[in-house]
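What follows is a set of structures to go through.
Two complexes, one shared chain (subunit A), two partners (subunit B, subunit C).
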Partner chain A sequence: MPRFNSLTLPDRPIRILIGVAIAIGIAALVVLLFLAIAGAAAQQDATPHSTIDLPHLLVMTSTQAGLTTILSLTVGTALAWALNRLRFPGRDLVVGLFGSAIVTPGILVAFGLLAVWGRSGWVNGLWRSLFGTPLDIPIFGLGGILAAHLILDGAFAARVLLARLDAIPTARLKTGQSLGLTALQRFAIIDWPTLRGTLPGLGAIIFLLAFTSFPVVLLLGGGPANQTLEVAIYQAAKLDFDLTTAVTLALTQVAVCALIVIAAAAFAPVPPSLGSSRSPTWQDAAGPRTVQWIVLAAGILGFALPMLTIIVDGLSGIGPVLARPSFWNGVLTSLMIASAAATLTLLLAFGLCLARASTDRAGLRLTVAAPSYAYLAVPGIVLALGFFLLVRTMGILPAAAAPVVVVVANALLALPFAVATIGPPLDAIARSRGKLIRSLDLSGVRQFLAVEWPLVAPEAGLVVALAFCFSLGDLGVIAFFGTQDFATLPLLLSRALGAYRTNDAAAIAAIMLVLTVATFVLLPKLFARSAHARA
Partner chain B sequence: MLLSVRFALAASLALAALPAAAEEVPILRVHTYDSFAAEWGPGPAIKAGFEATCGCVVEYETSDDAISTLRRVQLEGDTTRADVIVGLDTAIAGEARATGLFAPHGLTLEGLALPQAWTDTEFVPFDYGYFAYVYNKETLPNPPRSFEELIALPDDFKIVIQDPRSSTPGLGHVIWVAEAYGDRAPEIWAGLKPHLLTMTRGWSEAYGLFLDGEADMVLSYTTSPAYHVIADNDTRFAAALFDEGHVVQVEVAGMLKSSGQQQLGRDFLAYLVSPEAQKVIPTTNWMFPVIDIGADLPAAFNDPGQPPKVIPVDEAVVTANGRAWIAAALAALQ
Partner chain C sequence: MLVLDDVTYTHPGQPAGYRFSMEAAAGTVTAVRGASGSGKSTLLDLIAGFLRPTAGRIELDGADLVALPPERRPISILFQSESLFEHLSAAENAALGLPPSTARAERDRQVATALAEVGLDGIGPQRSETLSGGQKQRVALARTLLRNRPVLLLDQPFSALDDDTPAATRPLVSTSMSRHGWITVLVSHHVDDIEVLARRVYAIENGALLREETTTAPR
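Take a look at the complex of A and B:
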C-alpha cells in the first residue's frame, strides 16, 4: 500500500465521514440480511426436507469451475497471442467484442448457444441437410455449461492478457526481433514471463465467476446432474421452500467464495483493460501466422456466432413482441432499474473511494474499502434471498419493496468492480496533486469539480457502463422479486423460455444484447467527452 | 441512516398502494401456471365468463408451473397478493394443505364425474388426465411400451421431463415410477439418466422442446394428441401406453385464507366446475372435464380415452413419501 505524508493531503473530514457511513451502512445491511435468512430458517421445522449431498455438490461445482478456468485461460492465452500478432481491418472491433464479454449476460450466451448448437439449432440443421444424419452435440449438461462459460470467460481472459502483451516494452521487442527469435522462442522468452504474473489472479476471478454461475447453469444444466451452489440455493428456496437447506448452502457458498477472494487478493491484481489495443509491428513467420489466423477465426466464430444468431433470430420475429405492452413495460423497467442502479453504484463508489483517498491511515482505508469487497463473496442469490426474507419479516409486500430492493442489490453487486476501477486513479490524484490542492486551499467541492472529476470521468463512465450492464443482465435478484407487473427483460426472457415462446425469447434477447453493447460502447465515450468539455 | 431512509421509502410505497386499490373494482388475483393463462389456454375464456357475472376483474399471475405458484405463496406468506391458486394437483394437495394457507371452499360439489370420489374440503377439482409420454408416430413407429423398454433403448433416444420440484407433471412422473416399481424405482431412474435431454421447470418448455425436435418423447398426458388432431388436424402424435398402467392427475384450485376476497374466490371456484367453464377445458387445457359435458367432449378424446390400466394413488401415501421419492429420483440422476 502506498504510504504518503499526511501533510500532503488536504484535510477532508466530511469525505471520510461519508465514506465511513457508507461502509458501515453496507456492513450493517449484510449482517441484517444474514440475520433475516437465519431467522427464517429457525422458524422452519428443524429437519430439512430435501437431502442435499453437500460434498457432492461442492465437488461438482469445483470441477466445473476448475475446468472452466483451465479452458478459459488456455483459450484466452491463444486468442491474446493471435490478436497481439495480427494486424487487419476491423481489429479494434474484434478487441472491443472480446472486451464486452465481461458485461454480456449469461442468459444471452446460453440462449445463443442453444440456437446455434441445439438439436434443432442451425449447425445441426446444416449438418443434416448435408449429410442426412443428425449431429448430436450435448448442449445440455456439463458440455453446454463449459461452452457458455468459455465464451464469456475465455473472451474476458483474452482481453486482459492482450493488454499484458500490449504492455511489453518496445525496446524488448526490438531486441528480440534483432536476435531473430522464432515464434515459439518469442512466446517462451518474451510473452510468457509477462503473462505468467497475471494468470493466477485472472484464474481466481474466472474460478469465482464460474463457481457462482447462475443463469447459464439454470438454463443449460439439464437437470440435477449439473448444478452450482448458486442454483441449488435458488432451488432449495424457490422450489422446495426449504430455508434450512438454503441457509446451509448459502453459508457454504459465502465461505468458499471468501476463500477464493482472499486467495485472489494475494495474487497480482488484474488491471481493468478496456482501452484500445495498439497494432503490432513485428510479425511472426508464415507458419505460426497461419496458426494465429486459425485460432482467431475459431475464437471469433465461437464468440460471435451465438451473438449474431440472437440478433438475426430476434429481429426477424420482433413484430408481435413489439406490439405487446408487457414487453415495453419490461424495457422501461429494465432501463429505469439499470439507470438507478448505475447511478447508485457510482455515488457509493465515489463516496468510498474519495474517503479512502483522503487518508493515509491503513486501518481506515481498509475499513472503508472492505465492505464493498464483501459482495464478491456474497453471491447475488443469497443477497436476493436475504432481501426477500428481510422485507417479508418487516411485513412489507415484496412487490412494493421490489423496485428499491432490486436497485440496491444490483448496485451492491457492481460495487466491487466500481471501487476497483475508480479507487486507484483517485488515490493517484491525491498522491500527486494533494500538495497543490492544499496550497491552493481548494474546497472539497472545488477539488472534486476542478481536479478529480475531469481526470476520472473516463473511469466513472466505465463504472456506470459496467453497473448498468450488470443490472440489465441480472436474473438472480429479479427472480425473487419479479411479479407480473414488475419484470425486467431478463425475467421476461426467462419466462418466455419457460413458456416456450421461443419467438418472444429471441426478440427480447436481441433487444437486451443491443442495449448492452450500445451502453458499453457509448457510455464511457459520453463521460470522457463531458470531462473534456469541462477541462 | 441510509438504511432507515431506504426502508421508509419502501414502507411508504407499500402504504400508498393500499387506498388506491380499495376504490376500484375488486380485483381477484389468480396465481396459476403459464399455459393455463396463455392466449390459447383456458384462462382467457374463464376470465371473460367469470367477469361477466362477478362485477370484478380477474388478473392472472403466472409461474413456470403450478408448484412454483405454491412456493411463491409460501415464500410471501401473509404478504402475498394471491387470492386463488389454480393448477395444483392431488399429488401436491397434501403438502399445500399442511401449509395452513388455504381456506375451506365451502362448496357442495355434486355431479362430479371423476375416476375417484371427491371429499376434499379445501381444493376444488377442475380437470383431470393421465400422465403419459407423447411421441411422433412418423419418427418413432415402435414406441416403448413400458419404462423397462424405454431404458433399454440406445442412449441417443432422448426424452424430456419436468422438474418434480416445480412442475406437477414432473412430480406425477416421480409418483408414477415409485408406485409402479416400488423399491426398484431408483434403478428405473438410473436407467432414464442417459436418455434425459433436460429437466425443465415447467410443462410448456418441455413440450416445446419436443415439438421442435430436440427430444423423441416428452412427458405429457394421454389427451395431448387430441390437441394436435383438433387444433392442427395433425394425426402424427400419440401417447405411449405403458403396461405398468398410468397415474391420474386431478388438477385442483383453492383459495387462500389471507385473501381479502373470500366470497369472490368462492364464486370463482364454483364457476370453475360449472358446465360453462368445464366445456372450455377439453379444447384449451387438453384434459378431461370433471363433470359430464356430453357431446361437448370432442371425439378425439376417446383415442385412447381412459387408459386400460390405472395405478391408484393415495394422497396420504404421496404426502408422506413424496419428498423422499423426489430425493431418490434426483440422486439417481446425479
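Take a look at the complex of A and C:
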C-alpha cells in the first residue's frame, strides 16, 4: 500500500526517505552552526573590544539596502519597459547581459566601477587629458555602493520584469492596440497591473541581496561611516578577533534576514526568467520610443561599461600574472571548488525536489524543503563564521577543513535558488503525468531517466551554472578560510587590490569575468543538449 | 470477466457519492456514457486504482483488485489526451510498454511490429510532439499492445481528435481489442464511439450505473 502519497502520484518511498535524510542533515547543520556561534559567545568572558556602533550599522545597512531597492526597481521597470517595446539586432545579447547580472560577482562590479569612475579610471583619465585637472568623483562611500548595487540589482530586476511584460496575453495587447492606447495609457492599463504584483517580492529579494552585500561594501565602503553588518562581522571576527561582537552582529544579521525572508514569502513568488524574450511587437509612438532608446542606451552603458573596462584593462596587462604560479593555483582552486559546490548543489537539490514531488502531504513537503530555504536567512559571512567556530570547537584547524567547508558552504548558499528552480518543474511532471507513469508501472530510475531528466535538464544546467558562478565569485566564505596556499580568484583579487597591485587585480578580474560569462552561457546549453541527445 | 460489485465512493467535500455495479466481458467493449461531471472519470479511476473505494469489490476473474496499487493492476489505459511523453520519440513512447529488461534488438523489433499494427510503420524515430492527435493516440495504442494487459480502459480516447480521425482510429481499437481478447471499458459522451465499439452499454445517472439495452451490434 502506498504510504506517503496519493494514488495519482508515483509511489516513491525511497525518494522520500532520501529527501527527508538530506533535509534532516541540513537542518542539523544549521543547529550545529548556531550552537557553535552561541557557544563561542558564552565562552567570551572579555568585554567586546571592537568599537562598533550597532544602531548605526543597522541604520546604514538598512538605508543602503532600502535605497538600492527603490532605485533598482525604478531602473529595472524602465529598462524592462524599453526592452519590451524595442526590437533591434543584438537584442537577445542585451537581454542575456541583464540576465547574467544575477551571477556577476559583486567584487567584479565594484572593481569595474573603480576602473571607470575611480581616481585612475577611464573617465578621470579622459577628463585629465581634456582639462588638465583630476575630476573628483565620490566613488567611495554610499554613492559607490549604490551604483554597484544598482548595476547588479537593477539589471536583475529588469530581466525579471521583462519576463512579466513578455507574459502579457496577446489578446490583451491586441485589444489595447485596436483601441489605440497611448504609451502612457498602455503602461497604466496593461503593463502596470502585470508588474505591480511582482514588485513586492522582487523588492524583498533585492533588499536581502543589498542587506547582505559583502565585497561591494568592502571595496567601495570607504571607511567605518559606510560599513554594513556583513563587513562589520568580518572585521570583528577576522581582523579584530572579537568573537563576542562578531556573534552579536551575526545574530542581529540573521534575525533581520529572517524577517525579510518571511515578509518575502508573503508576496507573490518571483518567476525564474533566464530564457529568451519573445513577445508580439506593438510599437509605441515616436516620442515614447525616443525615451525608450535613451533609457536602454543608458542601461547598457551603465552595465556594460564596467565589464568592458575589466576585460580591456585586464587583458592588456595579463602577461605577468599568467607567469605566476600563485595565479594558476588560484584558477585551479576556484574551478575545483566551484565544480564541487555546483555538483553538490545539484545532487542535494535533486534529492530534496524529487522527494517533495513524490508526496502531496503538505507537512512532509514543508519538512523536506524548509531547511534548504533557511540558508536564505543566513548570509555567507554568518555561515562562514559559524563554520569557522564549529571547526575550532571540533579541534580542527580551519586551514585543514577549508576545502570541504568552502565547498559545503557555497553549495548551501546556492541551494535555495536550486530548489526554487528545479522544484516546480519536477512537481508539475509528477502531477500532470503521475497517472500515466503509474499506469505504465515505470520504475523510479526509468521515470528519472526517460521522463524527468530530459524535461528538467535545462533547469538543472541553470542550477549548475548558478551554483558554479556563485561559488566562483564568493568572497565571504573564502575570506574566513583562505590561506596563502588555499586561495581562490576573488581572494587573490582582493589581496591584489589591498596591495595596490592594480594590474594584477585587473587581470584576475578579467579571467573571473570570462569564466563566469562562459559558464553561465555554455553550461545550460550543454545540459539541454545532453538531455536532448538522451531523449 | 471484470466485475464491480457495489463499489462506493464519495469525493471529499461532496454530499452525494457514487455506487457502481457492472460487468464487462472479455473480447467485448463495455461502454459507459454520461454527461460531464456525472462520474465517468471517477469510475475509471476506481477501476484503475487511482481512487480507493470506501466499500465494495472490484474483481478480475474472481481476484480482488482493490488492494492493488495502480501500477500492479493488470490494466492498460488510453487517456483522453497527454497519453504520450512529448519529448520522447514515438518508438521510445511505445517501448515504455515493454519491461526495461527487454534486450535492445528484441525491443526494437516488437516496437516496430506494434507501430506497424496501428498503421504507423516507419514513424518510430519521429518526436511525439510533431505527431497529429490521431497519430499520438495510435502510438499510445501500440504501447497498449506491447503491455498486453487483460483490461483496457478507454477514457474518451477520441474526444481530442479532429472530426475525421476518430472514424479511422476506432476500427484499430476494435480490431486490437478483439484480437487480444481484452476486457475493454470505454467511457465517452460521443454516441458514435459507443455505437461503433460497444456491445454492452451503461449510463451513469444519479451516481449509479444503469444497464441499457443496445439495439445494434458493434460495427
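Following the convention adopted for this analysis, the second predicted complex is superposed on the first by the 523 of 535 C-alpha atoms of A that agree within 3 Å, B and C clash if a C-alpha of one lies under 4 Å from a C-alpha of the other, contacts with A are read in each partner's own complex, and residues count from 1 in each chain.
The rule is short, and it goes like this: a residue touches a chain if its C-beta (ideal position, glycine included) is under 8 Å from a C-beta of that chain, and two chains touch if they have at least 3 such contacts.
Here the structure is a predicted model, which means the values were calculated and not measured.
Visitor: Which partner does A:Pro55 contact after superposing on A: first (subunit B), second (subunit C), both, neither?
Guide: After superposing on A, A:Pro55 lies clear of both subunit B and subunit C.
Visitor: After superposition on the shared chain, which partner residues are touched by A:Pro13: those of subunit B (first), subunit C (second), both, or neither?
Guide: A:Pro13 sits against neither subunit B nor subunit C.
Visitor: For A:Ser432, select first, second, both or neither according to whether it touches subunit B, subunit C, the two together, or no partner.
Guide: second
Visitor: Would you sort A:Ala450 into first (subunit B), second (subunit C), both or neither based on which partner it touches?
Guide: A:Ala450 contacts subunit C only, not subunit B.
Visitor: Residues of subunit A touched: more by subunit B or subunit C?
Guide: The larger set of subunit A residues in touch belongs to B.
Visitor: Is A:Asp441 in contact with subunit B, with subunit C, with both, or with neither (first, second, both, neither)?
Guide: In the superposition, A:Asp441 touches subunit C alone.
Visitor: Taking the superposition as given, does A:Gly363 touch the first partner, subunit B, the second, subunit C, both, or neither?
Guide: In the superposition, A:Gly363 contacts neither subunit B nor subunit C.
Visitor: Enumerate the contact residues on subunit A facing subunit C in the complex.
Guide: Against subunit C, subunit A makes touches at 1-2, 7-8, 11, 432-433, 435-436, 438-443, 446, 450-451, 454-455, 535.
Visitor: In the complex, go through subunit C and note every residue touching subunit A.
Guide: Within the complex, subunit C touches subunit A at residues 48-52, 67, 69-72, 75-77, 79, 82-83, 85, 87-89, 92, 96-97, 100, 143, 147.
Visitor: Which residues of subunit A touch subunit B once you look at their complex with the stated criterion?
Guide: Residue positions touching the partner: 21-22, 25, 28-29, 32, 49-51, 53, 56, 60, 118-120, 136, 140, 221-225, 235, 237-241, 388, 391-392, 394-401, 403-405, 408, 483-484, 495, 497-500, 502.
Visitor: Residues of subunit B touching subunit A in their complex?
Guide: Per the touch definition, subunit B meets subunit A at residues 1-3, 6-7, 9-11, 13-14, 17, 34-35, 38, 59-62, 64, 67-68, 71-72, 74-79, 81, 156, 158, 163, 165-166, 193, 196-202, 204-205, 207-209, 212-215, 323, 326-327, 330-331, 333-334.
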